[in-house]
């Protein structure tokens, strides 16, 4: 069986900072679970801002991105070859760094392939998240990345988050390293078990009959509940 | 093989509202994927506010919750017997309803079993999320629930979210029904493939050697990058 | 000149916890700025969940709330007599406590008076925010409360936030106490300077001519920018 | 009296898009309230990513930013001369555009002047927020900007937000234009009334005596509440 490839993205300008340190633990977890990690320092590359073609024409946006004089498409190709990714970011004003935000915006080109090939190019991949700062914002950052990646079709395994949010040195925060290791380990574990599933979003559904049933069941419930509820809702307040 | 049991939680006071309608589609998805759904209207039950024992003593909080004169523990037991849950909520001031928030707070008793049996009682379960309102807040609500549940050890499969955020009637929003169906379908699909994994969070790790390596690799990077970077950071601005 | 009255709401079940401690500093700030603080421990009261009348009929929701067998309306009356409020909450799963969420949901009855008297009953009041926990979530909690209160017509003066998010004892976090003091001080300061303004949301506007101008200016810009932009958007990617 | 200057920042690549349209209404509101608006299309400028000097040395970060081969410092200077700003953004993956995020990250140089001149350069300015997209994310985006700007010392007046989050044409959403007008109007109104306040964050406080009192009052409350509460917290659950 081929190794599970995982891309680790460092969204910090500092290669020696706390994000990098937790990514070492992620790497260990990936390797121990039988995966093959590849680390990308995003700041080594030129990632231009998204220009929002999708707002002009939903079909104009596709992968490779039409912005082709920077490094996004190369990294996108790399992600295509993997089963998952871990995004590590410093907490800049309570969320991902601006460069990483540019990168996330550009991922639209991969997600938007729904309109070209019927499938997000990230569908079924597995992701984990690292956020590091010396002040608040860790869970704002992580919840944000979870919602975005899941909306692109990405699987989020249990305990897919690790963070540090204190001025204290990160090396004294063993929990953060345990968590980061598990992010790496769990991603590979989930990727292995989910590998057989080819496509997640199902469209061959008789949606009209489902909507019809939803309406019917709602009508029945309304008859039942409303007869009492209307007396409460329309009660005149004292 | 036994059927995959999924609890559907309706956090809306209205049994005939839009949340209920999308939960019909979720139910169909669960059934089509071979699962067995059970719908709980949370407003039918008494869920008292959490009193925060954990802040007095981390070990005081355990399942069943010490608040035993309401319905939380009964619903908690039900969740224990399932492989996953779908939480549906109306969007009340951009996030989950207050009653649902009480329920989430009380789930601490299940997560906190880490300190009693070495494992969150939700570890490895699979979850999906529905949010419905006529104004903004859908993704705030969903990102919030994702971060919370994942922090309790729960899987979030691809496309685990569905929402409606408009004054237009939900029955005209076919996408929301497609999405809701897929929430149900994907949860069962993921639960089946991940069933063999017994426990997700790994603690038998030599964390000290990992921290040591993180420090060493960081030092090497610092030597390399800092020699250049210091000239930028300490450049006097014009 | 009458004193500026400020209600301090403690959303924690623990009267001796860290939220209470920061509220002492808020109180000092309020007094030093010439205000009159009143502390309410929300857990001393019964606050039932909102039942969402507004989803059945936008006009059904009004103050006093039709749920009149609990303590919400009494606290609502109290807020009406003040110029501002400070909401303090423990961080329960990255946001406000469930009881406080019930309280926020019920504030809808005051905001929704827009549809009855043309004005939110909170319009022009001033608010500040305290969040305390031993883990992440402080800014998620505070950003949440800011967005909600501002959407009800409330001012948020500079530096209107204070938090503690660590297992370390709060008394060693002087910054949090400085911040909390300033929350109290700034609320009163802002309330004083803004007291003369009677109503904030203006509706006597010729909105149609504004929309017309927006359309016209957009057309001009489109002509200018699109002639170039279309070549980029429709460029075939390599 | 001099006119209140307000900078309007358009964070969208499209000068003819929906953000621009709402900014027309903001502009009207600013003018009607006696202010002087200036519109900046951020995409016309080069805004490089923040390189996080502050993580190396808290004092290294100052305004003007040491990155001086792009346009940030020029726009920063412009903001210094104004009493307020309105930030308009397209909703890109549920939050601000990447270019705007770069801009926000770079504002650190103005806020961090606390460590150089004892005051954030944005202290006391007034801000409002516009977010536009055809899907969810409006309040995530706006709550985010509120928390960030308030943490830099900025005042947020009542109803400081306007948004559109639908595929329907924005010109049919009159509410959004009303809201946008009021964002502009309220910012100027608040700026006028708050103009006399020179600095908001107070530091000449006897913080130690406040912490002492907080501890003492907490002890008293603990004695009172804990005698009962301990029986609940340590109750053995059934």
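As written, the chains take the letters A, B, C and D, and residue 1 is the first residue of each chain.
As a working rule, a contact is a pair of C-beta atoms (placed from the backbone, for glycine too) under 8 Å apart; a residue touches a chain by one contact, two chains touch by 3 or more.
Treat the numbers as computed from the prediction; the structure is a model and nothing was measured.
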item: Option in B-D, A-D or C-D whose residue-number contact pairs overlap A-B by over half; value: C-D
item: Selected pair, greater C-beta contact count between B-C and C-D; value: C-D
item: Whole-Å gap separating chain A and chain C, where each centre is the average of the chain's CA atoms; value: 30
item: Computed distance of Cα centres, chain D from chain C, in Å; value: 15
item: Whole-Å separation of chain centres (CA-atom averages), chain B against chain C; value: 26
item: Residues of chain D touching at least two other chains; value: 14, 17, 51, 56, 94, 139-140, 143-144, 147, 151, 229
item: Residues on chain D engaged by chain C in the complex (per definition of touch); value: 14-17, 20-22, 24-25, 28-29, 123-124, 139, 142-144, 146-147, 150-151, 153-161, 171, 174, 177-178, 181-182, 185-186, 189-190, 193-194, 196-197, 200-203, 205, 207, 210-211, 213-215, 217-222, 224-226, 229
item: Residues on chain B engaged by chain D in the complex (per definition of touch); value: 51, 53, 56-57, 60, 62-66, 68, 94, 136-140, 143, 163, 165-166, 229-230, 232-238
item: In the complex with chain C, residue positions of chain B that touch it; value: 12-14, 17, 43, 49-52, 55-56, 90, 92-99, 101-108, 134, 140, 144, 147-148, 151
